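Shared between the two complexes below is chain A, which has chain B as its partner in the first and chain C in the second.
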Partner chain A sequence: MTAPASSKDRAVSVPAVRGVRWSLASKQAAFGVAIIVPTLGILAIFRFLPMVQALYLSLTEYDLVHPPKFAGLANFASLLQDPLFLKSARVSLMYVLFSVVPVIPLSLGLAALFNRPLWLRNVLRSAVFMPVVMPAVVMAVVWTFMYQQDGVVNTILSWFGVDPVPWLRSSATSLWAVILIGIWRATPYYMVIFLAGLQAIPADYYDAAQMDGAGTWATFWHITLPLLRPTLLLVIVMNVIVAMKVFAVPLIMTGGGPADSTRVLPLFIYQTAFEFFDMGRAAAMSVFLFVAVMLFSFVQVRLFTRQDDNR
Partner chain B sequence: MTNATGTVGPRAPAKRPAGSWRTLRKRQGSIVAFIVLAGVACVTLLPFYWMASSSLRTMETMFSLPIQWIPDPPNWKAYVLAWKAQDFSRYLLNSGFVAVAITLSNLLLCSLAGYSLTKFRYRGRGVMFLLILSTMMLPLEVTMVPLFLIIKKLEWANTYQGLIVPFLVDGFGVFLMRQYMLSIPNDIIDSARIDGASELRIFWMIVLPLCKPALVALAVFTFREAWDMYIWPLIIITKDSLRTLPLGISLFMSSYGTSWDQLMAIAVIGTLPMILLFFFLQRAFIQGIAATGLKE
Partner chain C sequence: MKRWSMKHVASSLAAAAILTLNAGGTVSAAEPPANFPKQPVTIEIWWHEYGPFTAYVKELIEAYKKVRPNVTINPVVTSSGDINQKLTVALATGTGPDIMDQDASFYELYYAKGVLEPLNLDVFGAKSYDEVAARYTPGGLAAATFGGKIYALPYQGNSMSLFISNKAFAEAGLNPVKDAPKTWNDMIALGPKLKKVQGTRTVQKAFDFPYHSPRWEIQMFQPLVEQFGGRLLSADGKRAYINSPEAVKALTLWRDVTKVTGDPKTTMNTPSNPNQDFIDGRTAMWVTGPWATSQIQQSQVKDAFTVVSYPQVDPAKPHTIVYGWMWGVNKAKPEAQKIVAWDFIRFMLAKPDDWLAKVAFVQPVKGVNETAVAKNFPFFDVHMKDVATATWYIRSEYTNEIGQAVGRAIERTVYDGMEPKASLDQAQAEVDKVLKKAAP
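Up next is the complex of A and B:
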């Protein structure tokens, strides 16, 4: 009975007798495993099993009534020729692109403004943070009201001489209306993360820069931004994943319309599965969504780490 | 992005004279920052103000011009009418129960898992951590169809356990607790062991109290997510007595679509718990979100 590889084990106290040491170490390890088992079990059943099943279902035809019928890649083939699916994928892509790109400079800029002495700093920060507090469904209801033809948004725009915009009623503007409130809600969220990142940068760097006479921009460009790169990467990845999942807001505000202009992929998956009961097809769409999420995270991480290598 | 990668180049010599000119510029910067942020605050607060004030308007003055910023006289009838139109007290209770249950179990399971991943050594630990982390990249929207089939097979559709059990633990929570527990010295745990404390007791009496800031942040973060949950209850709940508040609100919207006064009243009720939570636990609220930006 030899001791297992516990020489590295700093968590183990060291009693004199080897036999006792073995049993203590294994007892502790057993406890360590036991307390992580519930987590692993729940994640296995409710995260990993559904993922595997999604892959399987995507290869079948299944309407909840008849047993699943193997269909090979038929779902994928027909999706790629389905104009509704292609349109939905395009809408999702537009949503992700135009709700993520403005949020990054906006949230970083706000964080930079808050990361300095400021009159009423905490009050302002709480005020700017408020959109994060509003539940998504409430946000959809309130903004639907504000976007009405004679609603408050158009009234305020009219002060600046802008003609009333048919926000949710026209397929030309509906997606932009949804994107705008996505930005409204995401910006303060990522601002908080950027602010934490900014505050983690040691003040010495700024003092040194100031000694050297670097201006505000030079300091930001050469000190803040490079040191903030890990946070920046994380915010972009998170933001894209969150944007790819948007669901409640388009469902409640427009139901995907008018003329499919706001039917993002998650909404289309939901409708295919739970309104048309085409589970196999919905699962195939989920696989597309999954691949998009994975691909994007991967490419992002690669891009950013390669930049690090070059430095 | 290429221009950001350059190292700090040759520095420009200090051009501006130090002293009063610089402090003046600084003060000017503060004033500009204040004005910009105040303007942004107006944009972030307008929907809150508009929601609250419109809930007190009558339908006749709802869209009247010029804008009536303060409803005069305030009309509270919308709250009474909306509250009676659907079983909102039940929805509120359901949402509260589900969110509290999910939060409590996340606190327990995430800290247990985080403790296991930081303070114990066993084979496969690294793989387990990676597996748990990878669930953060797996949105519910990808797995909802098969997950619904699993819940149906368990006969958990239209039950509380169907709403709660799939979310008892979350990859992000485990990650958060693990990162925090890395900073707890092993010596504390070792000396408790020498004193003869049982493993469970060490966890409960020593480790958990040390994790209080992380636990509060995780609690607020999880509660917010659970309170916000929409797509999942929409899929598995059809019984009125099990509806959560977001479901109730969206149902109300589809059946009373133009009764804006009542809709805004319900919107206020749905937001109020989160606003209260935010004001009482502001630091934890912000820390929970800042923690999502933690890196390895």
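Up next is the complex of A and C:
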């Protein structure tokens, strides 16, 4: 057995270590690691560990009070036979589809508009961006009042002879009302991203197209859109992820009703966990949502990169 | 009708003295029980936010400090909508309060989870749980008793009665006492007289059922089912009868009454303010509890309202509902804190007439209706009459799930036009699935 080194031995070894000469590349690599490690540590503790914990919980029966009991894949199996879960997944899918699709042309159109010289352009940009700054809770409360029988929305509709619409009090309209808010809120945010993308396209391309006699539509189709592809990908992926996680607005405005018509998956997960205290099942739903988001993002990235490779 | 005033509070002090020991037991505030800790003790109490309630509990904390100077009480106030989640998560993680405030229907769940400390008989100066129960009205502790032991004490047990807007009735040429509906058929008959529609806009509903939370929906649905002779759950809570013929009749009645009297698409009621439509004059009649009295009096309605008994299917066989909130003690806390917690609960509940005067909460204790406070409380006799024919809100470990399933069934029928039987069949399947989890 090796005898422990004396304090004298250790004191001698220090200069030897200090004597090691580090190349510039090694120093830069070490510096890079030193910067990344704390961030990775924080991510690991506050992001990845809870994700692993959720994955574990999804395989258990856990009511918050008694210790988790291993249940294998039972939670996942029961989800697929649960009409409430399937309805909630369908509501989420509807929300994602109809809140994401209109946002792309709307935000791109606004970005194109605000990319041109306009009177009071910066003021208008700020005004359009306001919904993004507003907290979701405040927004939900304000819109709840706006959607009432005598609220602003129905008052405006009445000017055109339209009868009051029970926006939040009818299964037929409640999801559309919530979707409209999603579009209203997301459009200016993605407009800013598109604006940054548009401003990154060199003006030379447009000058050359103009000299070649290309019209507005041809310029947009053959120059703007192809060069905006990375931005478009970012916007679609981000928008879908945000839409799949929508929670506060339906919670506050409808609580998921009437008759579950606005109970999106995150809201159902919340209710299952903190109202029904079925943490295992809620975790299984979270895993399902996570996999769905990952799959969608993966497919999107693949589709866009494949098209790039084919060019 | 007389407005509630400080004069009435003062005039009731004598009667309050009689009641002081009713719920609290025979140990006075000045004499701590023999096992009461001598060292400094700190406890935490959580309750749900409601203005007058919060003010009164804070007043009680200050008063308790004077009689138990070695005790520090840390208050935490949270919204009624959040308290269930916060409390359950806190209890699960060992950070719950010493004293919890919770809707009575949740105590079944907490009892099942083993987080409740049974009532400390020494603190209450009682030899048995029966002795404590005898201080309450018959069935007053039904939602707090499990396996023969008392695990919580109610600070309010609300009846549900029909509040009528005198103004709306007068405008329709009706008398709020003489013409008040005694049955649901009377209610349907009154609908066209009181419901006001301008074009396609309903500007005044005659009556509406609640739709702002599943809790309130089941609160109205349960007595309807019972009025038809049915029940929603078996006595042991293991079987549900959501789609029984009586329940189908109840939902059919709900739909028919709504068609003639209401317009659920125009409600402004919310969980934090369930009486909004009534106090704004959007509905002529509304079912709520005595606690709403002060809120209504402070609104534009002022004293221009009348309270009559809950409408019935058959007035000869009246059936109403009672629900409440209770104090309980966290089993996981050290012994000294649990003794202090029960002592403070005893102290808090010692003056039922103060609760009535200051918060308009009716404690289900014997003798409360004999006090001057009660005698001056608007329509107290009506509330007591309705309590006498009431059963407690359903007790189950799965109250939330059952409430939501029934709420959905009601909304499917009212909002989407689904037939009551089909809608309740769906709810029955949902509840059966939940109850299966409880099966051994």
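Miscellaneous remarks
Following the convention adopted for this analysis, the second predicted complex is superposed on the first by the 275 of 311 C-alpha atoms of A that agree within 3 Å, B and C clash if a C-alpha of one lies under 4 Å from a C-alpha of the other, contacts with A are read in each partner's own complex, and residues count from 1 in each chain.
Here, contacts are C-beta pairs under 8 Å (C-beta built on N, C-alpha and C of every residue); 3 or more make two chains touch, one makes a residue touch a chain.
Every value quoted in this text rests on a predicted model; they were computed, and no experiment measured them.
Once the two complexes are laid over each other on the shared chain, residue contacts for A:L84 go to chain C alone; chain B is not touched. By the document's definition of touching, both partners, chain B and chain C, reach A:Q148. Legend: residue contacts after superposition of the two complexes on their common chain; A:Q28 is shown touching chain B, with no touch to chain C. With both structures placed on the common chain, the touch criterion links A:F274 to chain B and to chain C. Looking at the shared chain after the overlay, A:A259 reaches chain C, while chain B stays out of its contact range. Considering which of chain B and chain C touches more of chain A, the answer is B.
Once chain A of one complex is fitted onto chain A of the other, the partner contacts of A:I193 are limited to chain B, with no touch recorded for chain C. Residue contacts after overlaying the shared chain place A:A282 against chain B, while chain C stays out of touching range. Where the contact sets of chain A with chain B and with chain C meet, they give residues 148, 150, 274.
Contact residues of chain C toward chain A in the complex are 84-85, 88-89, 91-92, 109, 113-115, 199-202, 211, 213, 264-268, 398, 400-401, 404, 407-408, 411-412, 415-416, 430, 433-434.
For chain A in complex with chain C, the residues that touch the partner chain are 63-66, 82-84, 148-150, 163-164, 166, 169-171, 255, 257-260, 271, 274-277.
Residues of chain B that touch chain A in their complex: 1, 3-9, 11-16, 29-30, 33-34, 36-38, 40-41, 43-48, 50-51, 54, 63, 65, 67, 109-110, 112-113, 115-117, 119-122, 128, 131-132, 135, 137-150, 165-169, 171, 174, 186, 189-190, 193-194, 199-200, 203, 224, 227-228, 230-231, 234-235, 245-246, 249-250, 253, 260, 263-264, 266-267, 270-271, 274-275, 278, 282, 285-286, 289-290, 292-293, 295.
Of all the residues in chain A, the ones that touch chain B in their complex are 6, 8-13, 28-29, 31-33, 35-36, 38-40, 42-43, 45-51, 53-54, 57, 110, 113-114, 116-120, 124, 126-146, 148, 150-152, 155, 184, 188-189, 192-197, 212-216, 218, 221-223, 225-226, 230-231, 234-235, 238, 241, 244-245, 247-248, 251-252, 265-266, 269-270, 273-274, 279, 282-283, 286-287, 289-290, 293-294, 297, 307, 310-311.
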